[in-house]
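Each chain gets a letter, A, B, C and D, in the order it is written, and its residues are counted from 1.
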Amino acid sequence: MSDSDFSMPVRVYIEDTDAGGIVYYVNYLKYMERARTELMRSLGYDKPAFMEEDKLMVVHSANINYRRPALLDDSLTATAVVSKLARSYLVFQQKIWRDRELLCEGEIKVACVHSDGMKPAPLPQSVRESVAAVMDDQQ
Amino acid sequence: MSDSDFSMPVRVYIEDTDAGGIVYYVNYLKYMERARTELMRSLGYDKPAFMEEDKLMVVHSANINYRRPALLDDSLTATAVVSKLARSYLVFQQKIWRDRELLCEGEIKVACVHSDGMKPAPLPQSVRESVAAVMDDQQ
Amino acid sequence: MSDSDFSMPVRVYIEDTDAGGIVYYVNYLKYMERARTELMRSLGYDKPAFMEEDKLMVVHSANINYRRPALLDDSLTATAVVSKLARSYLVFQQKIWRDRELLCEGEIKVACVHSDGMKPAPLPQSVRESVAAVMDDQQ
Amino acid sequence: MSDSDFSMPVRVYIEDTDAGGIVYYVNYLKYMERARTELMRSLGYDKPAFMEEDKLMVVHSANINYRRPALLDDSLTATAVVSKLARSYLVFQQKIWRDRELLCEGEIKVACVHSDGMKPAPLPQSVRESVAAVMDDQQ
């Protein structure tokens, strides 16, 4: 994880585990969303899924690779980096770490749509500017 | 389980389990809600949580007793019986069975509220009549 | 909430909500478990559900009362107090707050059982002593 | 969906939805797993995640594309097809349908690993043969 990556801590509770004794693989997507949410909050956006009254942010695709399982009680770090800023969508690169060990990584494309009909909508201009600024910082 | 109890089958998948190798105890509340939902559907109500445009059905209290754990792959039965019909709420008695073995039982009070402000609202008259009819059948 | 109650912050993410636009009522049980887990961790116990190799801590009953709904993005506080310490079980009083507003409260009985057969087992002596000490502090 | 695809019905309950009023995107992975599980069960394998005592089946990667949201109460169909059978892993092509409308599709790679150490392990021979037979049927 580079120093400029946005990161947040995640603790593994029983709710996150499955009968294999490890974190249920589906739940890493929740950890990733928490990190995206906090990244957007750090830019001044609360409830980033509902950016404006008539627009929603929806996940368009998720590509997840699992490397090592997380265990009950683990103290993890979830990171989120915006790798692409397009007119109506964002792409996030996300990783889940246990100390220096990479457990899981994902690429999540989040699209802005009109809440009425779910057709693509342009990202609000203020969001574009805030995200562009943080992308420059990542360089 | 008496013959007149409304029941539905529930299969345990990995999503339902935890690191103890058993069904995560919180998830029995989901099984119970599925059975309540299907009971209401059998009375002609789809989306019973959203009965009318300005009213919601919300869970007011839940008292759950756990007796035996369910395991991955178990084929369970969830039952739902209306034990009380009041002006603005219903009380359900619910059980989760594995064959003749009672695993979990709960009493769930579900209240009708105005979606604006969440204050108690009278149950729609048609719901009261449908539920009263099924309660007579239970006798 | 009294000053001596154990508490931890909980942020509401989309994963926690339902189509009613509020926190799905089942998920308050997860918030409560996180607070119990952190209370036990503060006493020196990691993975408190698996206290010793041949013993499990399992939820025996949960009585939950819902007062006001939590919303997406809310910053909540979950508290946990041990109200009873018995030979083979603990009872926790738990509350979920949004600032000074009580949203949900629960009484959770957690029993110690032999992992082989799930019969009641005495709580480990060190746990009894640690919990007794924190109960004195609560007075 | 072709006639030879394995399919199972999935009903959307409140537990599956989020504050956007739609199925929480993470939960489609649960629907897909249910279909994989039932496909394996149809081949004679219960608890397919735990095929032999010293082996686990773990999800290695998941690539999900979301097209249209599912709504509360929807009656969906989840399909599962094995598109690749390798020495130590399977690849599944999966789709979620609402009638003739494709809502979500995914490619899930599930690997067989030694439960001790999580290193790749060969799929049990009987599983290879059963899956090969069903893949021929798909042609």
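Assume a residue touches a chain if its C-beta (ideal position, glycine included) is under 8 Å from a C-beta of that chain, and two chains touch if they have at least 3 such contacts.
Being a predicted model, the structure only gives us computed values, none of them experimental.
Of the two chain pairs examined here, A-D and B-D, the one linked by more C-beta pairs in contact is A-D.
Ranking all chains by how far their C-alpha centres lie from the centre of chain C, first place goes to D.
Between the Cα centres of chain B and chain D there is a gap of 28 Å. Here the spacing of chain A and chain B, counted between their Cα centres, is 34 Å. Work out the mean CA point of chain A and of chain D, and you get 24 Å between them. The set of chain D residues that touch two or more partner chains comprises 14-15, 19-20, 26, 30, 33, 49-50, 72. Taken together, the touching pairs cover every possible pairing of the chains.
Listed in rising order, the residues of chain A touching chain D in the complex are 19-20, 25-27, 29-30, 33, 49-50, 56, 58-66, 68-69, 118.
Residues 11, 13-15, 30, 33-34, 37, 46-47, 49-50, 72-73 of chain A are the ones that touch chain C when the two sit in their complex. Residues of chain D touching chain C in their complex: 14-15, 17-22, 24, 26, 72.
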